[in-house]
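Both of the next two complexes hold chain A, though its partner changes from chain B to chain C.
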Partner chain A sequence: MFTVLVKKEILNNILSFRFAVTFLLFFLLISGSVLMMAANHQKQVLDYSNAKAAYRQRISQMRDYNEFEIFGMTDRRRPNRLSIFAMGLEPDMSRSVTNSQMRNVEIGGTPYANPLFALFSTPDVTYIVNIVVSLLAILFVFDAVSGEREEETLKLILSNPVPRDMILMGKCVGSLVCLCAAFLISLGVGLVAARVSMSLVFTPGQWLRIGILIMTSLLYISSFLMLGLFISTCVRGSGTSLMISLLAWVVLVLGIPNVVPIVARQVVPLESTQKLASEMRAIEQEEWEAVKKTMRRGMSREESRRIFTETRRTIEDRSEALTDSYMNKFVNQASVARVMSRISPSACFTYASTTLTGTGVDAYEGFIRYVHEDFRDQFEASLSEIRRPSRSRRESSDQVDLTKLPEFALTGPTTELILKDSLLDIALLFVYNTLFFLGAFVRFLRYDVN
Partner chain B sequence: MLEIIDLSKRYDNGVLAVDKLNLTVKPGEVFVMLGANGAGKTTTMMCVLGFTEPTGGTAKIMGVDATKDPLGAKKHVAYVSENVRLYGNFTAKQNLEFFTRLAGRTQVSSEEYAQVLERVGLEKEAVSRRLKGFSKGMRQRLGIAIAIMKQAEVILLDEPTSGLDPKGGVEFLKLLEELRQEGKAIFMTSHDIFRARQIADRVGIMSSGRMVHIITRQEIDDDRVDLSKLYIKVIEASLEGAGARAETSSAS
Partner chain C sequence: MLVTLLKKEFLEHVLSLRFIVASVLSLVLVTLSLIVLRADYVQKKEAYDLNRESYRKEAERLGDYTQLQMQGIHVDRPPAKLQVSYYGLEKVEDKSTQIMAFMVPATQGELYKSPASALFPTPDILYVVATVLSLMAFVFSYDAVCGERESGTMRLMLSYSVPRDRFILAKWLGGYLSLATPFVIALVVAALIIFVSRSVGFTGNQWSAYVLAAVGSLLFIAVMFSIGMFVSSRCARSATAIMILLFIWVGMVLFVPNVSPYISNQVKRVTPIDVVENQMRQEIGDLVRELTQKMEQLGREYEPQFRKGGEAAQQAMVEFGERMNVIWKEFQNNTNMVGERNIRNFENELNGQIAVAKIISRLSPVSSYVYIATDVAGTGVRKQLHFMEALREYQTEFRGYIGRKTEGAFPFGGSDEEESYDISDMPVFNYAEEPISDRVAGSLLDFGLLGVEALFFFMAAFVSFLRADVM
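Our next item is the complex of A and B:
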């Protein structure tokens, strides 16, 4: 009996105009996105290789320690291949990082980037799933029950010896199979096309994460199907059902994730970055003013260098303390926003997908930590090894051996840790599915078919 | 056999839609229930089908209590609604196959489907056509085909002739006659006095949730009884009685 109901749902969906439109949109958007993002990634890798080669060439020519003191070293993070699926904060991490003795660590950008790309960025798969697929999922079932009531087919079905829970399960499974098949086919075609045309390959660990990302996407799609079904069992007319479904989608997908950060800013206030920057400038000014007073004529070069190094360290320590305090508040505000936004399946999906692809908040925090702490420490530790005192008169200053410079080698968290970090959001998506289904179940058992 | 015993239904808003209704429809009998809109005809049918829970009494289908064992009772009943719409994306055959399987009949040959569709008068070219282009009459025939395929002993028809053209109406009655010959107990609600006179073994007149009059085949065939006039007279008397009852209850 259950199979009969599921087959009917699948056939009815497949033969509908709604499914044809949905499948076409899925196919164009998802396959297209995978291809475009893969091409974009390929370009990023090429840019990275070029920049890396240019950097290597530059340091191979650099011999003068003074020059090195001024310009320092610049390296960058290798583009993340999984960002094809979820761009997340990848653009903020794919930047050059400059370390020098004269300045704090600098994370650069490029003045030559096309602003239109920032304005109209290519939508990645998770963006499409988050916005478009969720909307299509809710529109797919908004009249699953109320529409059948209006068409009186529900009465005819219920006049047969079929339990109501089985009818609802049949609707869930039938709709889910159709939408998931459309999603998986579109994604599969996109991946195969990217593999063939751009030789896109993934490691087994990356495949595992992609697999979990697909499961998470299906769970997210399913949550909106269940929500649509629940709404459909709460109202009598499909017109009302459509309006409520759209409203629910707007609130959950557009409303909550965008409003929550504003609310979090009110709950955990944080001073502006400009204020932080001016405070840091003030520290710098104050320390250098003090140096001016202590400097006197006839001071040896070594002593001047010592004062200079100590001052720089003091500035760094005070700035670091200020930054740490700011970052603590920032992390606190971000956690409040994160916790609050999880009342929306859309936010849970965004967190889970970006965590799985290594482009989320955790990855960004890890990147910042690595840049400011580990990479900086490695750089400072290497200074004594790369400096070579001048040996002849022809060498006006100390020489450098830059082969000992550290490489930017940010290794992301292990697959195990990533899965652990994304588990909460995946579990929450599961909870939303269960809640919406239970709501639909309870409502449908008492649904008035007249 | 269909038995309705002391069946009552009062809605949450206080309206008493069905008031202690008693009725039996035997195998090979066509019972037509006449009544104005809001008389309680459809509510009675909804209670029998288990779509609405009665506030009192019960209905038994082939001896199975529909309030206690609704799924068991539904095995013996087929239902045809006023507006048979079915699934517009499916062909007539796909609709018929789905509802037949849903009724629990999984081993049905293509010949049997074809025979039933032919029996209800659906042309061969229409069988494989999507239902979206079907007229009301064609849909109604398909609804009857679904009821036939279920092989249920009791058939419930909710105003099945409304909106049918005269030819469709005649063909529909012919089908009902065949089902009666097969021994089905047929319970039909209608506004259509003309067709009720043609097909019914008994006609019940319902008003304000009560069965106020039952006319037998002999009375219908009696030239001295004009069913239309009797219907209006009974309804008027019933409404006056209901008004008086309402006044008395409000005065007390």
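Our next item is the complex of A and C:
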């Protein structure tokens, strides 16, 4: 009985014009997006290695410690391969980082320099799932119950000995199978095409994350299906259910997730980063002023060196205290935004998918910490090894050995941690699914078929 | 006749559920977005004023002009007032620049940006119009023709002496007006909120920008509505029409604009910013080396004369200082030229890429609309370029000022001889927005495109309808 119902639903869907359009859109958008983002990733990797080679060459020609003091060292993170699926904060994490003795950490421009990148959203797979697929999912079922009532086929079915719960389950499973199959086929084709044309390969760990990302996407799609079904069981006409579905979709996908971050900025105000930078410069100025007073003429070179190093350390410590407290407030603001926006499944999905690909809020916080703490510390620690005092009087300054410079080697969080971080959002998606399904179930049991 | 038809259309729409949904969405989203972004503007403006103050104090504390020319002064990008309705590139957090005498200004990267707002688009009026109202335009128009055909009312209507052209014109006007009215009301409410909140306080120019951007929004909605009418008059069933329109909507709103920068990034290569920065550092490093060599050489040249002591040494000291200054000025000019050349090259390449992306993206009216709204509002690509030019002009001014102040003074560490340090007469950076006439002139192409598209699709709908089957 159940199989017959599901089969009927699936056939019904597949033969409909609606499914043809949905499938075509999925196919074009998803596989196109995978290919395009893979091409973009390839270009980013190429640019990264070119820049790195040019930089290595310059560094190898650097002999003079004074020059190193002024310019310092620059490095940046390797492009994240999983950003193909969710760009997230990747453009910001691809900025170059410059450490020098003279100044605090300096952040360079983003390789996504074209302002149109900022003006428009990134069309990656999660964006398409988040907006397009959810819309199509809700439109897929908006008339599942109300439409059948209008056509009076519902009355006909129920005149047979078919339990109501079976009908609803059949509808759920039927639409879910169709949509998920369309999604999986499109994504699969995109991945295979990218593998063939650009030899895009992933490690097993990355595959695991991609697998979970796909599961999360399916969960998200199904939550909108359930919502559509629920709305369809709540109203009597399919025209009404179309409008209410659209309204719900606009609020959940376009409204809440986008408004919340700005509201969070009001709820947890954070002073501007420019002010932080200014305070840090003030500390530097103050310390160097103090040094100027203690310096005397005829001080030995070693002694002035020592004072220099000590002052540098004091400045580092004081700035670090400042950035630490700023970072805490910053993390706080981000988590408030996150908690507030979770009333929308769309926000849950965005957070879960960016966490899984390592381009989300957690990864970003880790990146900032690494830049300001670990990487800076490594740089400071390497300084004593880099400097080689000049042996003869003829050389005006000390020599420099730059082979000891640290590499920007930010190892992202472990797969285990990533799974743990995304668990709550995935669980919430599950809860939304259950809630909407139960809603639809209860409404349908008491639905008036006349 | 037309008036009667129009009235009928309008009433029919107003009494429908979709009108309620569209009105609620327009009013609630526009007002909510304005309130939220107004608060955001106030916060940004406060931070901007505070920073400006502290930058000034920082410069005052420096103590001498040599320090000032080395450290420079920081300048932030002031928040644009129209960001309350058209946020555009105000989203970009890199907004602080160090203005130095010997380096072409470039904005510094910023990491502490709210990651949540970077993950999601900003819900400004632009976003509401481009996504929600464009969808609503399709929802209002998908059954305009085919719906009446399905329900059989069209046959009835045309059995009277109603000319077909009147009929479709009334359909267009009635539907469009019923969609535009709640939006215009929402815009007026938004304008009132701006008007009463003293913290934003638009000037005359800003009001005209607001109105012009609103005109752009209405034009864009007209384009989308015409497309909907066109599809509706081509399709036999309204269910088919809505699916086709959704397909078009996804392509136009969610795909074409977003894909364009990625495609142009593949087609038109730009030297990566890292490589440019590296190249600049290398060239400046060479200049620094040259400078040190020249100064050491000069020192060695004058050393014997200094040793002599007496008047001759003093004479030599003055001469030495003058020559040192020449070398220093030359270094400043050279570093400026290096920066200028590299950055200009990069910007030219980038502008080429932007141009390609813009052309590709204009396949969709949404992009034209985005360019109109952000450029007219002064938050778009145009503003970014204009602001960079303003920064460069300010740098020239700043250099001139430093040059006048350090004229004849010994360039390095000569704070003892220097006159008292007072920067009250230092030029202040006051960013003046590009005049509204220029901004509009720059958006004429997009205005024209939208006008042509609206007309074209309306004509297409018109022609299709004239020959359509009423059965």
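Brief remarks on what is shown
In this section, the second predicted complex is superposed on the first by the 393 of 450 C-alpha atoms of A that agree within 3 Å, B and C clash if a C-alpha of one lies under 4 Å from a C-alpha of the other, contacts with A are read in each partner's own complex, and residues count from 1 in each chain.
What we mean here is this: a residue touches a chain if its C-beta (ideal position, glycine included) is under 8 Å from a C-beta of that chain, and two chains touch if they have at least 3 such contacts.
This structure is a prediction, so every number in the text was calculated from the model and none was measured.
In the superposition on chain A, contact is made by A:R265 with chain C only, not with chain B. After overlaying the two complexes on the shared chain, residue contacts for A:F71 are found with chain C alone; chain B is out of touch.
Of the two partner chains placed by the overlay, only chain C lies in contact with A:M62; chain B stays clear of it. The partner that reaches more residues of chain A, of the two candidates chain B and chain C, is C.
Of the two partner chains, chain B is the only one touched by A:S159; chain C is not. When both complexes are overlaid on chain A, the residue A:Q274 reaches chain C alone and has no touch with chain B.
No residue of chain A touches both chain B in one complex and chain C in the other. Note for the complex: chain C touches chain A at residues 17-18, 21, 24-25, 29, 32-33, 36-37, 39-40, 43-44, 47-48, 50-51, 54-55, 58, 61-62, 74, 76, 88-89, 91-96, 106-123, 127, 131-132, 135, 139, 239-240, 243-244, 246-247, 250, 254-255, 257-266, 270, 272-275, 277-279, 281-282, 285, 288-289, 292, 296, 350, 353-354, 357-358, 361, 370, 374, 380-381, 384.
Residues of chain B that touch chain A in their complex: 42, 46, 49-52, 71-72, 74-75, 77-79, 81-87, 89-90, 94, 98-99, 101-104, 143, 146, 150, 156. The part of chain A that touches chain C in the complex is made up of residues 17-18, 21, 24-25, 29, 36-37, 39-40, 43, 47-48, 50-51, 54-55, 58, 62, 64, 66-67, 70-71, 74, 76, 88-89, 92, 95-96, 106-111, 113-123, 127-128, 131-132, 135-136, 139, 239-240, 243-244, 246-247, 250, 254-255, 257-266, 269-278, 281-282, 285, 326, 330, 333-334, 337-338, 341, 347, 350-351, 354, 360-361, 364-365, 367-368, 371, 396. The part of chain A that touches chain B in the complex is made up of residues 1, 4-5, 8, 11-12, 15-16, 151-153, 155-163, 448-450.
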